[in-house]
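Below you'll find the structure, written out as structure tokens, and then a few comments.
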Amino acid sequence: MTGLQARFHLQRPGFCLDVALDLPARGVTALFGPSGSGKTTLLRCIAGLERARGSELVVAGEVWQDARHWLPPHQRPIGYVFQEASLFPHLNVLDNLRYGQRRQRDAQRISLQQAIDLLGIGHLLARRPQALSGGERQRVAIARALSVSPRLLLMDEPLAALDLQRKREILPYLERLHDELDMPVIYVSHAPDEVARLADHLVVLDEGRVTASGALGDELVRFDLPVRLGEDAGTVLDGAVAEIDRDWHLARVDIDGGSLWVRDSGLVVGQRVRLRVLARDVSLALEPGRSSIQNLLRGQVDAIADDDHPGQALVRVRVGDTRLLARLTRRAIASLGVAPGQDLWVQIKSVALLA
Amino acid sequence: MTGLQARFHLQRPGFCLDVALDLPARGVTALFGPSGSGKTTLLRCIAGLERARGSELVVAGEVWQDARHWLPPHQRPIGYVFQEASLFPHLNVLDNLRYGQRRQRDAQRISLQQAIDLLGIGHLLARRPQALSGGERQRVAIARALSVSPRLLLMDEPLAALDLQRKREILPYLERLHDELDMPVIYVSHAPDEVARLADHLVVLDEGRVTASGALGDELVRFDLPVRLGEDAGTVLDGAVAEIDRDWHLARVDIDGGSLWVRDSGLVVGQRVRLRVLARDVSLALEPGRSSIQNLLRGQVDAIADDDHPGQALVRVRVGDTRLLARLTRRAIASLGVAPGQDLWVQIKSVALLA
Amino acid sequence: MLMASDWQALWLTAQLAAIVTALLLVIGTPIAWWLSRTRSLWKGPVAAVVTLPLVLPPSVLGFYLLLAMGPEGPLGQLTDALGMAPLSFSFEGLVVASLFYSLPFMVQPLLAAFESVGRRPLEVAATLRASPLDAFFSVVVPLAAPGFLTACVLTFAHTVGEFGVVLMLGGNLPGETRVASVQIYDHVEALDYASAHRLALVLLIFCFAVLLVLHAVRLRQRRADSSQESAS
Amino acid sequence: MLMASDWQALWLTAQLAAIVTALLLVIGTPIAWWLSRTRSLWKGPVAAVVTLPLVLPPSVLGFYLLLAMGPEGPLGQLTDALGMAPLSFSFEGLVVASLFYSLPFMVQPLLAAFESVGRRPLEVAATLRASPLDAFFSVVVPLAAPGFLTACVLTFAHTVGEFGVVLMLGGNLPGETRVASVQIYDHVEALDYASAHRLALVLLIFCFAVLLVLHAVRLRQRRADSSQESAS
Amino acid sequence: TIAAASDLKFAMDEVIAAFKQRHPGDQVEVVYGSSGKFQTQIRLGAPYDLYFSADIAYPRALAEAGLAASPVTPYAHGRLVLWSTRPDSRTLTLASLADPAIGRIAIANPRHAPYGKRAVEALQAAGVWSRVEARLVQGESVSHAAQFVQSGNAQVGIIALALALSPELARQGGYQLIPDSLHAPLEQGFIITRRAAGNALARRFAAHMQADDTRALMQRYGFVLPERERR
């Protein structure tokens, strides 16, 4: 009786949201889907901002709405980052932040000061929202949603207007929040790297319907995944740090079937980490050569599938129990004679450490 | 006397825009910079929405503003996509689009119908903006900016709320527009792949000042580039299609110093194309091995520079007159003995065809 | 049910209210727009002055207007110089007086509406080649529509009910200045309550119908908007 | 410069206008809010009815109120049943009458202001744990501030200038119902123009000052906002 | 509290002053206004103790309705005058009004103001009605009619003598009496209202109205006094 069980049915002229969802009790659920597929509408339903007949929503065993109950939005313990920042124009930044803080009912679990620091908005506190840049507004909106110490966080493309550098600062903070506070997050994003980094669970919407829903790792290696991730197709691996090479600032992470070297940024031996390997970074070789590619694993071809482009294919390779995707040209597959069952070397040019 | 020459000085509490710019007469100029660095403010100055003393702006030899002249915004032949879609709430989508079209002075050079089709907003024409999703609004805003057949297009993060698929459809259209219509574009974006794909020219802003400005290719191989492109560091190469391999859907593109195989998507022999090679996709090897990596060039190490992370370095390699960046771990550099002047093999896992 | 003079008075009232509302729309809009945009120090005083006609008792305002329209008064001298007939005891005089008296009802609601439009829609219009004037009509006016409606409703209703000024200045000439409000007043003063009740009732029904139509327009517009929900 | 009775009348006027404005704020706000949110079919008629007091000539309205407050009228019977003194010819009666008469000036501008606030700010407030009532005060009221200001200005000024109703209903009792507008009217009727001018001038100056302060408040608020430019 | 017709304003102020001198402890307030309005208000419970009407018909109606605590007492007759700011104002007659060059003629509203009603009668009796009718403007009261003339918007007014004698008007123009044979008498009367039935002060004031010096005073202010016998 934990997690989030939802069934929404909302009819609009030209659009119909019709979803049944069962999301895990913790972690980040990424909501993916093309423009106009109903992501925002779904978040609004969860927040209680849209009222649809015959809908049901149970969060952590509490009934928020069903045929007889209706918890009004202001009594739902959520935080909501709207797609447009929607700050209160009559309040300055600090008062926008305080607005929610003053009204929270539960114990304050999130330090507003820390959020302010991490989002880099300390110097803006006295300003009116009208005097902020687009990215600044968005950061304030994130801090404001956190100010109520929500028990469920709904974020509608919160990082869309931010530069890479900022994203890199904010993402780990969000990760920590949901890890430490045990606060599930539903996160709409168009950026596969954000999703890969943050999400544990993936829900794909299309024309108001759920077309895929499952654990992130499982979903990503599905060839028929309805989201075309394109350049960002890849896999997510969980592993543990086995060794730190201080001289070269590298860390060895053991995964099932081998180990990979990743950049070290203060890891400790034994720590559990998540790695992301993009299909485009994986190449296959018949013999190990002397190249700058440091990660070389022994693997076996599992399956070959079409890719977006006819000149390319996705090859799934098993390394122990780990499955990796490799993107190759058809010609390379032919010239190396790659076929299911074949043993070969897997070269990984680059491994991203996610968490 | 072509191109755009600008000098703006705008003082705000806590922020000062102080730029002198000289942009080329055609092509796309990408405006890059962290949140709050003044990108929107710069666009607003160019559009005439901010009026700063002692500013100068000359576009294609016409003085738009200087000490004595001031061309009011509505007489500047620009198209502006605002950072927030800013559609007129009292008009439906079609009337929003017609608003500009009715008022354009010059000949209509852009087919509104075509823009509508390409932006996929045909089914939304009768709706009010309030009934659109975030991405739908943004697409309408792009079409509306084009509806005036501008001679200079200013776009403030126009694709931020769009999914990859949509971006992939819209980007080529924007490319074609600026190619065919000879309409310079100034494009604010946080997405390096958009920039790399579209831009010919890069301007980097930081705290209201220009910290870099130049042709995209030149800027990208500068080690000291103030934009930290991170995973997206790389180079852009110009070449010509030399051969088409119909069986494998591949095309060979000759660049200075060698040739590269890229995915073919309807190229013709002799066509000039732009290629993008990310540093993360380039590996170096002492001897050519048998791997799935199809692009192998002979090159010479030019220089080695620090990268974001101490465990890594960027190596610049000369292939003929072409310069490529490779991202390697420090340990790989040591174990292969990579040093300036050294000859070796350059393996390129993936080449993106941009235009 | 009503006497002929009652119908005449009603017709005169309708004309007066319609003309005054139309003229004030033309006069009040630029004033309100200027007030909403200016940063001049005059803004406060001008806004206050525009409201002042309200605080004088109507018959006193009428008295001062009577003085002004007399041969010695500035308005009287003006009409004289222009070779026009004096304004007092004429329909034109009532129109002029009502313009003064009802000005605040036009300007204040418009001012509030213009202030809530903000600058962004105008900026967008400018980038779409709309001149400031064009943008005003194509963007500001539709966005400020509820304010315009309020302003017109208040102005119209108030001109209908206005009576002190008219009484003071009109001379009660049938067909010229004897509007419905004065007529009802006369009935009451003459203790002819039955006539007063009837005329008042007809006036109320007439105005109720006018107001209902205006509100229906607004309502339908709002419906159209919000059947597609909020946001922007 | 003024006689004692003038000061008394001014003081009474200030009290009346302040009390009426304050009460109407309390009465008009929920009406306007309901009108701005409802989708009921009653919306149009109610909005029209709320405006109707405007179209009756004030002294006629006063006459009907007098009937209503008289021993036979519904209000008179009510006060009687409650063991209260009759309302007619008392300050309380003036307050009640002014509430009727000035209601449109409060409701209409508020209605327009509420309609322009839109739904989004309320949604945001709800996600930040504000109950609807809380959100109304913490979000809607500040966002509708220009509308509140307009409403209060019009109500206040109009109550000051109101006179037909007061004369009919108040009976011109010094210290009880003889407000400044009636006093000026008396001076004019008695052909005592000098006194009328003086009192009118003082009244104008007083109201000008009040209005200036109100506008200054609005202005300063706007300045604070827009010194940092538009957008949102 | 006394409710008095507007045309009494100048006389009544002095009457009250004299009364206060004689009865120093007594508090008297006076309110001036239109007689018709007062009648309505008294019917509906206005707190007036004495009602001095410009038209005796109003207090009579009240008395019939049982709202009077005294018989209806006539206290004066009003006189009509032609008043104008023209230099030749003292030579004007009703007949001369027929000349269109005279301009606009202001009268009080004949529907509810007694002086207006009598003015119309006088114009009709003088045989000029049809020639002046189009040039008549109606004021709400006699003082309003006087203001029309004062401000120059009308040229001649038919108003109460009491008003024409007021300092303000006496200063600005001249008057010519209209023979009272041309119209029904402007009989003015007062009553003590029912609410003041037990009010000794009201009785004292009523008595004061009948005193000789008061009558002399009234005469000075342009009222013709009724025969004593008519009491």
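For the reader, a short list of remarks on this structure follows.
Every chain is named by a letter (A, B, C, D and E) in the order it is written, and numbering of its residues begins at 1.
Operating definition for what follows: a contact is a pair of C-beta atoms (placed from the backbone, for glycine too) under 8 Å apart; a residue touches a chain by one contact, two chains touch by 3 or more.
Since this is a predicted model, take the numbers as computed values, not measurements.
Common neighbours of subunit D and subunit E under the contact rule above are C. Ranking C-E and A-D by contacting C-beta pairs places A-D first. Look at where the CA atoms of subunit B average out and do the same for subunit C: the two points lie 56 Å apart.
A separation of 60 Å divides the Cα centre of subunit A from that of subunit C.
The distance from the centre of subunit A to the centre of subunit E, each centre being the mean of the chain's C-alpha atoms, comes to 92 Å.
Each of the following residues of subunit C touches two or more other chains: 63, 120, 123, 188, 226, 228-232. Among the residues of subunit E, those in touch with two or more other chains are 37, 40, 144, 147. For subunit A, the set of residues touching two or more other chains reads 84. Chain contact summary for the complex, subunit B toward subunit C: residues 47-49, 72-75, 78-80, 82, 86-91, 99-100, 103-105, 127-131, 144-145, 147-148.
Subunit C makes touch with subunit B in their complex at residues 120-121, 123-132, 134-135, 138-139, 142-143, 145, 224-226, 228-232.
Here subunit C touches subunit E in the complex through residues 63, 66-67, 69-73, 76, 86, 88-89, 167-168, 171-173, 186, 188-191, going by the rule given at the top. The part of subunit B that touches subunit A in the complex is made up of residues 14, 33-36, 39-41, 83-84, 123, 131-136, 139, 156-157, 160-166, 168, 190, 192-193, 228-232, 245, 247-250, 261, 263-265, 280-281, 283-294, 309-312, 326-334, 336, 338, 345, 347, 349-350, 352.
Across the complex, subunit E meets subunit D through its residues 1, 3, 6, 9-10, 29, 31-33, 37, 40-41, 44-48, 141, 143-144, 146-147, 150, 163, 166, 168-169.
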